[in-house]
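Quick heads-up: structures coming right below.
Presented sequentially are two complexes of chain A, the first with chain B as partner and the second with chain C.
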Partner chain A sequence: MPSDTVPVAFDVYRYQPGRDAAPRYQRYTLDLSPHTPVLTGLLRIRDEVDPSLGLRYSCRSAICGSCAMRINSKSRLACETPVGEELQRHGRIVVEPMANQPVVRDLVVDQAPFWQEYRGIEPHLRVDPRRPMPEGKPNPMTPAEVDRFHDTPRCIACAACYSACPAVADDPAFPGPMALAKLYRFVVDPRDAARQDRLVRIQTEGLWLCLRCHLCTEACPKDVRPSERIRDLKEMAIAAQGATEHGSRHAVGFKTNLRDAGVLNEMKLVRQTYGLLGMLPQLPHGLKIWRKKPEVARRPHPIEGREELEGIYRALDSEDGK
Partner chain B sequence: MERHDVVVVGAGLAGQRAALAAVEAGLDVGVISKLHPLRSHSGAAQGGINAAISADDSVDAHIYDTVKGSDYLGDQDAIEYFCREAGPTVVEMEHFGTIFTRAPDGSLAQRPFGGAGFPRTVYAADRTGLALLQGLWERLGGERFTLYEEWELARVLTRDGRAQGVVALDRRTGELHGVAAKATVIATGGAGRVYGRTTNAHSCTGDGVAAAYRAGAFLKDMEFVQFHPTALLEGGILVTEGARGEGGILKNASGERFMSRYAPKVLELASRDVVARAIMTEIQQGRGFQGPYGPYVHLELMHLGREKIESRLQEICDLCRSFAGIDPVTQPIPIAPGQHYMMGGVGTNIQGETNVPGLFAAGEAACVSIHGANRLGGNSLMETLVFGKSAGVAAAAYAARAAPASVTAADVDPVAASYRAWFDRKDGEDPSTLRAELQQTMDRHVNIFRTATDLAEGLQKVRAIRERYAKVRVVDPSKVFNLNLADAIETGHLIDLAEVIIVGALARTESRGAHYRTDYPKRDDAQWMKHTLAQSTPSGPALSYAPVGFTRWEPKERVY
Partner chain C sequence: MKLAYYPGCVAQESGRELDLSTRWVCRTLGIELVEFPKFSCCGSGFIDEANEVLNVAINARNLAIAEAAGLDLMTICSTCQGMLSLAQHRMLDSTVRAKVDAALRPLGIDYRGSAKVTHLLRVLVEGIGLDAIRAKVRRPLSGLKVGAFYGCHLLRPSDETGWESGEEPHSFEDLLSALGAEPVQYRGRVLCCGFPIQFVKPETAGRIAGRQILDAKHHGAEAMATPCPLCHTSLDAYQGPAGKLVGERLDMPVFHLPQLVGLALGASPQEMGLARHLVPTEAALARVPTPGR
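And now, the complex of A and B:
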């Protein structure tokens, strides 16, 4: 065995609701070589120091999705996080349960809400009975069609994205990055007949609650890039149905609004998003802003070189059309 | 007491497929799993799933390769059934939604695999198990059956000479529950954690196999343990056979492509037992590399080029980068064999029936047997689906005509009493200490090369561990997610299975497939062309033997 070990201190969240008055952090120190995964450290704690530590784990090779937890505040898989890098970056290793899910014990969280969101997007092929699957043969699917899934089939449902997502924390109506990436996987599936229905439904069922912060993409251990697929879903939803929701109207309004003058007309954007009547409830808020920043009410002067902007829009539109 | 027509224990591919079959038969089904079904070890299978679906291939060729791969210990009638079902099964999984890798013409791509005379392995990059697990889980849906998530199997209940359900521990509450059923299906996967160096997940503790054994079921061919040739040196994480299927080569410390001396025709694509022994021979004869984690050889992919490696072997790239700190695009991968698969398991026929009425088994937990003495890569994913379905169909048919289960909540009490003793004990050993010693014993004494002396010593050690286990102690008093208790339950299962493996290996004085006795290096068809059956008795496993099923293929010497 290699002798290049260093003392590694783990500060581990310990809490059992109903038994413990409050969570506490327990320190365990082990000699480990720097490339040792955090999970290996935690399992050694269980085997050698404290068998009462609660956590989920199974494959230890980043494919079962069991051991997602927060390590120095980042949601990630413990099995593929080396202790050395954490020590270098943070000087210590704080291990906590995932966020946005109630704690069951120590590092174990109740994933029922997460699984419920996954189930909620109807994650199964919906087939049109008028177009049955080929009898006794696989559906043809070209490599290009397979590429359209991007990396969504790599999702291991670890929920690191769900834990990292501020929109999940903020609004229970948001299905979360994993469920939406999963939805994308079914929307682009050439075997699925419910594409239109799925896109129309998700417009009102949380799609536009995404804050576009990309923390899910940063957290994902399998490079599924949920935020990019959510962006794709938004574009596809608008293309399928038009902008029907505040979120999609805001996006479309932003685009046309900016095109007109090269600079945002914020009053107009509010109208584009909410409609004239819908602006009424926004009035007190608008007045408050107007008092501090009266220029918001003025119609902005078009910027110079708008022809160039037109060119950019044309290029983008033709890109979309591809 | 929960009650169902059929209870399935284990929710990997075999368990889910059995559950789907029973649900489709219109029955009330309960599924017990100690992990969320999507976290099952089926999802870790990488390389692919075999089916002779190409116009140039044939079912007969698949049968022949499997028979030969099994070193003629596989039952040929079962293998014929299996290979014929393989094609329709792949199509079914594709229709269920599995996203397979495609050829340019839109058909299913197939890659070469070890021991196969044709590129017959259908795949989804190098995460085929995950793709199938997702496809099946999404098809099965959560609404049509009762899922007991994170319930740990404690016991198979028998009464009136038949299995009548199980006792299981709800990890979330610490409560023991009886689940009565007219038919019980064991699909808990393998027991790789009998070993320390294994590609298997921590959850692979053979719970269902051990519980079936204790309930009177025969365990078949348990001495046949597959060691995967290419496990990452440190920790034993799997590197798919697909890496060699895509053109990866093995080299020793002198840079020699040594497989030419062991399998001149097919080199790295010989069957797994052959390649694993070749690597161990290189290492034992001093031609391996030496490193801080032990001796090893190199698996080289560099010549395949970045594009192919990163698209076809994406997960392997990530695994090597995360877990070994090397980039397979530019560096060789340090590998050595590691325990990978149990050819043995609960003895069943093609319908998944065991010798205990009402008890069925499928997948790695079962032994039909189609793998015989050595399993071919790509055949186990297919086995889970083909025999998961047949076991589910048979269990449903049995349940439809069986009398209601007569077990009651009182049947849970003996289990509860034995666990209480673990908590109440004032001294005694932690289960993880015993498990670690058991794993070291198996790694050392029951590995790729075996001898009578070594095995006998191993058996002695395992029996000593069993005696200490009688005084095992659970120190964590909590009821909620008590892994200390789970360790105690699982370690008991592992000890039982280790003993059966060694007793079978010691008795079998020949070398066949994965069972290699250096003191008996030849296959001995006259004496040993037969399955080992182990039955639990108070004094340990009692062995008997059963004939191998033959149809069309005469045993020949196995050359690759």
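And now, the complex of A and C:
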């Protein structure tokens, strides 16, 4: 045995629905070099210790995206996660299947919900008749056009972002970071004819449920930065259709609200988002808050130098003055 | 230590107890806060959704105000911290920078990018130092099990906010230990409070907040603490509806970070504005022994 190995304990989630009463964690200890990827450790467990361990993998090189799982709570690729770094950071290695998808067996999940969301955004070009595909030839784009979405095609559909997303966990209406990043890729593709349709549809199909928590961007092994592409989609959706939903009304309301005084008028923003009638369901709990914090209903004191803000809005906000 | 104080909107309005307790703590620890009535709101992530460049410009103006006075800027809100850091980061992009400069220059505003943006948590842990704080503790929060709740934008995206690990931060727990409290480890401490969609879909926002409170509770927390007034709004002001959505009575007192520091340094509950919370804090504080003086 090489001398640079250390004992590494893996606490692995074990569960087969229909057979096991409840999930359990099973400990396996191996002597491994700190540079060993978690996936290699798991394969050695399966091949040398316990052939019943279920896991999914293929390329072992961070290309196929098959081995995403939760390692010490973080959704990531097991093939590019060295055991030494995990031990250093957490003092242990807990391996669990991805979240937000039902477990099939042990570390294997059913990815059907993830792929269903992906299909839902129509991940293919609807060719613009004004820019037809030349017969038998590629349809070229300029480098500047390609630059707008050069990072989203890096996605390997590993679903680590989907597993990490709290909006996916708590609201089935949210399509998830990967589907939205892919949607962005088609929305900015100059050859696509469906841009307007896509933006209008997504406003009512979950776009505004993103929490901006950036857990997807942290989880992504390919630096696709889904949370930032979702932000781009929001701005484009408002530009395409105006503020039609609570989410977009809140964003646009905040923007106009700030122009008035430089600080937020909390009550006015609620009205801008919901409208007067829409505020009614908020009222009973709103009153409870108001009793403790009467300032929520007060007009805030404007900042000094408001004219500077107005100048900034005039220069940079095309909607300014409307 | 002298810093430009960026209180943000909420701490000046519905979250006044945060401003109150921050001032008390800074006064006690010798941190001089310089106020700038020209500071505007940071846009709270919402203006960024509506107009990215406008959002950068608004915050570049805030940063330029501190720069002109030769001061670094201290926030007391994870979202303000995130938005100001984001503006600094996006101003490194020459296209964005050109648009923003073109809007600011005619107004006589010169953004140079020299001011640092730092949160009160970091000022306490790195600027003042845990040993110095420990030495000033008059009422150790002994026995109080506290779940720290960081707030997304203090941690992520980690390559933009870049202070401590977004995955396994520990500054807040270190501070709680220095105050004599017992920090509770739970996964939810680095997750989202639900606030950004409180006005988009309150049911989902409430379930998310409730889930994090339950996580803290199941790991033994008797109280939570947050460096962000928006998280505080979700976890305290909206805890009632959150409890109904997760089907459990939560009864979790939630402190603003400087409130716990102040209490440990000898401030009274009144001085920390605790009566303004929706979830009472008395039961949690009753666990803390009163100093025998």
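The working rule: the second predicted complex is superposed on the first by the 301 of 322 C-alpha atoms of A that agree within 3 Å, B and C clash if a C-alpha of one lies under 4 Å from a C-alpha of the other, contacts with A are read in each partner's own complex, and residues count from 1 in each chain.
The definition used in the following text is that contacts are C-beta pairs under 8 Å (C-beta built on N, C-alpha and C of every residue); 3 or more make two chains touch, one makes a residue touch a chain.
What you are looking at is a predicted structure, and each value in this text was computed from that prediction instead of being measured.
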{"item": "Simultaneous placement of chain C and chain B on chain A, clash or fit", "value": "fit"}
{"item": "Touching partner for A:W208 - first (chain B), second (chain C), both, neither", "value": "second"}
{"item": "Touching partner for A:R231 - first (chain B), second (chain C), both, neither", "value": "second"}
{"item": "First (chain B), second (chain C), both or neither touched by A:V104", "value": "first"}
{"item": "Which of chain B and chain C A:L125 touches, first, second, both or neither", "value": "first"}
{"item": "Which of chain B and chain C A:R154 touches, first, second, both or neither", "value": "first"}
{"item": "First (chain B), second (chain C), both or neither touched by A:E295", "value": "second"}
{"item": "Partner chain(s) touched by A:G91 [first = chain B, second = chain C, both, neither]", "value": "neither"}
{"item": "Contacts of A:C59 with chain B and chain C, given as first, second, both or neither", "value": "first"}
{"item": "Touching partner for A:D47 - first (chain B), second (chain C), both, neither", "value": "first"}
{"item": "Distance of closest approach, chain C and chain B, by C-alpha atoms in Å", "value": "16"}
{"item": "Common ground on chain A, meaning residues reached by chain C in one complex and by chain B in the other", "value": "none"}
{"item": "Residue ranges of chain A in contact with chain C within the complex", "value": "73-74, 89-90, 166-167, 170-171, 208-215, 217-218, 225, 227, 231-232, 234-235, 238, 245-248, 250-252, 254-255, 258, 262-264, 266, 269-270, 273-274, 282, 285, 288-289, 292-293, 295-296, 298, 300-301, 303-305, 308-309, 311-313, 315-317"}
{"item": "Partner chain A, residues of chain B touching it in the complex", "value": "35-36, 38-41, 43-44, 88, 90-91, 94-97, 99-108, 124, 127, 130-131, 134, 138-139, 141-142, 172, 201-203, 235, 237-238, 292-293, 314-315, 318-319, 322-323, 325, 430, 432-433, 436, 474-476, 478, 480-484, 487"}
{"item": "Residue ranges of chain A touching chain B (in the complex, touch as defined)", "value": "1-2, 16, 18-19, 35, 37, 40, 43, 46-47, 51-55, 57-66, 80, 104-106, 108, 111, 115, 119, 123-125, 133, 136-143, 145-146, 149, 153-154, 156-157, 189, 191"}
{"item": "Sites on chain C touched by chain A in the complex", "value": "9-10, 12-16, 37-41, 43-54, 57-58, 61, 99-100, 102-104, 106-107, 109, 152-153, 156-158, 165-168, 187, 191-192, 194, 196-197, 199-202, 204, 207-208, 211, 237-238, 240-241, 275-278"}
